[in-house]
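Here come two complexes built around subunit A, the first alongside subunit B, the second alongside subunit C.
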Partner chain A sequence: MGRIKALVQKEFRQIRRTKAYFGLIFIAPFVQLIVMGSAITNEVKDIPLVIVDQDRTPSSREIINRFDAVPLFDFRGIADSPVRAERLINRGEVKAALVIPRGFEGEMIRGLMPEVQVLIDGVDGNSAGVSLGYITSMAALIQKGWASGMAGAGGMEIIPRYFYNPGLESKLNFVPGLLGILLFMMTTMLTAINIVREKELGTLEQLMATPPGGVQLIIGKIIPFTVLGLVQFSMGLIAARVVFGIPVAGRLSLLYLMTLLFIMSTLGLGIFISTVTSTQQQAMFVAWFSMIFALLLSGFFVPVRNMPPPVQILTLLNPLRYFMSVLREIYLKGTPLRYLLPEAAAMGGMGLVLITAATLRFHRRLE
Partner chain B sequence: MEAKLRDSIVEVRELTKCFGDFTAVDRVSFSVGRGEIFGFLGANGAGKTTTIRMLCGLLAPSGGEGAVAGYDINREYGKIKGRIGYMSQKFSLYNDLTVKENIQFYGGIYGLSPRETEERSAELFGIIGLEDLKDKLTASLPMGWKQRLALCASLIHDPAIIFLDEPTSGVDPLSRRNFWKLIYRLSDMGKTVFVTTHYMDEAEYCHRLSIMKNGRILEMSRPHDLKVKYAVESMQEVFLASLKEQS
Partner chain C sequence: MKKSLGAVFRKELIHILRDKQSLFMVLSMPLLMLLLYGYAINLDMRGIEIVVSDRSLSPESRELIRHLEATEFFHVTVAPGGVSDVGDLFRSRKAQCVLEIPPEEGPLLLAIDASDPNSASFIQNYVTRVVSLSAGARAGLFTLEPRIFYNPDMRSAPFFVPGLIALILLLICALLTSIAIVREKETGSMEQLLVSPVKPHQIILGKVLPYTFLGFFDGLVILGAGRLLFRVPVEGSLLLVMAMMLIYVVTGLSLGMLVSTMAGTQAVAMLVTVSLTVLPSMLMSGFIFPVFSMPPVFQLVSRIIPATYFLEIIRGILLKGNSLADLLRPAGTLLGLDALLILLSIRAFRIRLE
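And then the complex of A and B:
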């Protein structure tokens, strides 16, 4: 016990003297959440739009007025011709164009179904889909207005209500996820680099000539970095509350328990990386490499269920995937522990395996 | 061998270490008595560091047997670590801790209570002369003082033997001489000092000396006897003559 205490105390003394840690723990969560939390969004707003009016009738003018009035669209005016509208899209000045053909009103009066053409910049498929959705529902709305003026028009109306995130704000989805990413970065990379640095400096060789065994040395690293991780996570929680006004819907104690399990897996990974690398650059590279993988396969940007099945299986090995869904569940839905047991078991199990593997690789002798 | 263990603290026979095809240490045998200053002299790559690392339980020998402080180097290397002091070639205490914090740390990992560490370090600081510097950041110390601090850390648990791997490399001549005065003092206190060096003048200070080349021990005797054997005045000449004779 005394030995572990000495190791932990030494680590904290070093951490206290390293200014970079202060920034990483207390400032990074705020900066990252403010910048990334505001930048990462899949909401589509202010879609630049032009309308080509070849009909020039009261009906076509009404369509124009309605699109102009809605803040979702940034109405850039009337384009002379479809060719002109296409050029504007090519130049990236607008993302969408609406073409109202000649005879639109006439056909409508005769009871036919006139067609309105929509041209969309499809480079960003996600935004294009969302834009088309908005345009379609706008059109439906206008049509409904006209229909209700006529006799005998009946229909069905769908009133959606979104649970847990009523305004479908992407910050509610992304901010909790960001906390997980920050924690992953902090714990995996810093631990790996810290230990490899001791290898490079030769202080680890000196330690290996003293009585503590590999398990004690590893516990002496796990304790301080777990504390650092928890402090950083707490700063992240405060930042999420202060900057974005996002409260935690679930139990804080459960959130911390899950965080602890997650940290076990990321620290395990960090220590394991330190046992397979011998320079700080190598450790940094391997840590980055695994971080990008963990990030892309976490469900942060793309929901896991949208990934191809083989990739979905791969995500089962990613601790961040579990923590990502745990964070969103607890943060937004207040999900209790009994529904999160599989995630808890996965993260805890991975932590155990990684730490054991690292301990086995962490020789008491040099090679 | 069993009988000899009582008066010798290091005893190895046919100790060998291979890295792949390369034999770094080739069947060396020697013993070191208690309180002795035993020197390993040789050029870089002669196998000195590898030998020390095997004796300290840092490297597994490829062959041979031996005991350090009464423990078998093949099987009980974990126990050896608590009984010896080790100072590696490269300064390897923590530069971002103060002198006192480094000592507290090493006291702690050798299993001393904070009180014991305090008492023991006061005693060592008295001998080694670090008292005035104890609140200084280690990074700010000159190399000579860093070496003394490292020596202090390796002595904190009062080991019977200390292994010093080129303790004076990169240290100015005056500090080197002071460091050797300390080594003598330790020897007077009954400690065994196992030291490697490539400085010939330092070799003169050893009670007994072995000259290594290509993993083999060429000569092992008292400095005076070696000079007599080769009929020369200095260790420098002994060293060159022994290498020549070998090749």
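And then the complex of A and C:
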């Protein structure tokens, strides 16, 4: 026990002495949250749009006015011809175009259902789909307005209600997720590099040569880095509250419990990386590599259920995947523990396995 | 003159070939990233868990449920008695949305778990589409005839693969050059090279050229693999693609050189390159998120990031079949940024030498 205490004290002394840690823990979370939280948005809005008006009637002008008035579109004016509109799309100056055909109003009055062409740049498939969705609902809205004067224009109406995020703001989704990514980055990389540095310097061999071996050494590493991780996470929580005004809907104690479990798994990963690499350079490479994997397969950018089944199975190995959904559940929906038990078990189990594996490797290196 | 350049080039090549681990990383990472992005990033939703609380039990409502079940978007659970606690359903993640069909005529109520707002608006779109489909050909006034250009199925691979080329080229050229130059600084061999009769520009050129080939080669590998695995089209001229890749490789190299003058150790070089070049290029260039939807401040930032222009160019050539004439503006800007970066890094290097 006393030995672990001594090791922890040594670690904290080293951390206090390294200036970079201060910035890493107290400043970096704020800066990264602010920059990434406001830069990353998967909302599609301000879609550059032109309209070709071949009809030039009050109806076509009303369509133009309606599209001009909505902030979802960045109306770039009237194009002379469909060819011109296609040209603009080809040069990347607009992403969508409407073509209102000649005789549009007349045909509409006679009930002939004229066709309005929608040209969309499909290069970015996702944005294209969203744009098409907006245009379709705008068209439906305009038709409803026109039809309300006429009889028999019914159809089923849908009233949507958005739970937890009525304004559909993407920051509510991304900011809690960023907290998880920052924590993953710091705990995994710092532990890996810290231990590998001791290996490089040869101090690790010295420590391991003293009586009680690997297990205590690893505990002596885990405690200080867990504390660092928790402090950094708390700074992130404060930043999310102060900068973005996002409160935690669920129980704070539950959030911290989950964070603790997550840190166990990331520290385990960090220690494990340190046992398979021998230089800081290599440790950094491997840590970055696992970062990219973890990030892509976490559901941060793309929901896991959108991925093909084999990839979904792969995500089960990723601790960040569990923490990502835990963060969003607790932060936004206030989900209680009983619905988060699978995630808790997965993170805790992974931490246990990784730390045990790392300890065993430590012992083997010793012999 | 020529000979000393060749010697530095050969020396760097030996360094690269000797470090098997890094070489393996450089060659396998792009392919792995391609596979990941190609398969993992799929913004199309499938199997949305929807609970339908049918309180009307009419032929129309049964027809609607049949329509919902028929699409691959939804996985339908019918709750005949209604749903007592929608919030609990969402918190336990058993459903992403609940559609309530009222007993009498009236609007349908659609409750959506919007903790992922992007999915929420997709869900609303899908449900609206299915409902209007099931209500039969509604008596509308006009119809929309969508024509999706360049990527009619709106797949994500044709969008991400060209972007990945941009990212990998930058990662390899900037990161590896900066590390290679800083390594010589760290070990002290740079000073030795500088006092030798080899001219400074020959040293830099000789060190940088092998990475140019490496980056260029990786770019071609991604292009080929993207074509084979993900059917990414090459509509325009392949020669133009390669010419543009060369211009962009120069961008990466000069960024790497610039970083190398600032950094003293390999670890710092790595951190600076990643945070100053790779991350902004990934987040603010339009690689994933469209530039036109970003806040205005970040749109301005995206204008000084070379990747923004390269992405426009390479997506234009590969998917839209743009010719050089269509791309004069972005290509010109990219060349201008290149010139600026080269000037800056030469200056920074001179200052260091003095």
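Throughout what follows, the second predicted complex is superposed on the first by the 361 of 367 C-alpha atoms of A that agree within 3 Å, B and C clash if a C-alpha of one lies under 4 Å from a C-alpha of the other, contacts with A are read in each partner's own complex, and residues count from 1 in each chain.
FYI, contacts are C-beta pairs under 8 Å (C-beta built on N, C-alpha and C of every residue); 3 or more make two chains touch, one makes a residue touch a chain.
Keep in mind the model is a prediction, meaning the values are calculated, not measured.
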Clash or fit (per the criteria above) of subunit B with subunit C on subunit A: fit
Subunit B versus subunit C as contact partner of A:282, first or second or both or neither: second
Partner chain(s) touched by A:10 [first = subunit B, second = subunit C, both, neither]: first
Partner chain in contact with A:243 - subunit B first, subunit C second, else both or neither: neither
Residue contacts on subunit A - larger count, subunit B or subunit C: C
First (subunit B), second (subunit C), both or neither touched by A:164: second
Touching partner for A:201 - first (subunit B), second (subunit C), both, neither: first
Touching partner for A:231 - first (subunit B), second (subunit C), both, neither: neither
Contacts of A:257 with subunit B and subunit C, given as first, second, both or neither: neither
Superposed arrangement, angle subtended at the Cα centre of subunit A by subunit B and subunit C, nearest 10 degrees: 90
Touched partner set for A:311, first subunit B, second subunit C, both or neither: second
Closest approach of subunit C to subunit B (Cα atoms, Å): 18
Common ground on subunit A, meaning residues reached by subunit C in one complex and by subunit B in the other: none
Subunit C-facing residues of subunit A, complex: 36, 38-48, 74, 86, 89-92, 95, 104, 108, 113-130, 132-133, 135-137, 139-140, 143, 146-147, 152-153, 155-166, 168-170, 172-173, 280-282, 284-285, 288-289, 292-293, 296-297, 301-303, 305-308, 310-311, 328-329, 332-336, 339
Subunit A residues touching subunit B - in the complex, by the definition given at the top: 2-3, 5-7, 9-10, 13-14, 17-18, 201-203, 205-213, 364-366
In the complex, subunit B residues that touch subunit A: 53, 56-60, 77-78, 81-82, 84, 86, 88, 90-94, 96-97, 101, 104-111, 113
In the complex with subunit A, residue positions of subunit C that touch it: 21-22, 25, 29, 33, 36-37, 39-47, 64, 86-87, 90-93, 107-122, 124-125, 127-129, 131-132, 135, 138-156, 158-159, 266-267, 270, 274, 283-284, 288-290, 292-295, 298, 312, 315-316, 319-320, 322, 326
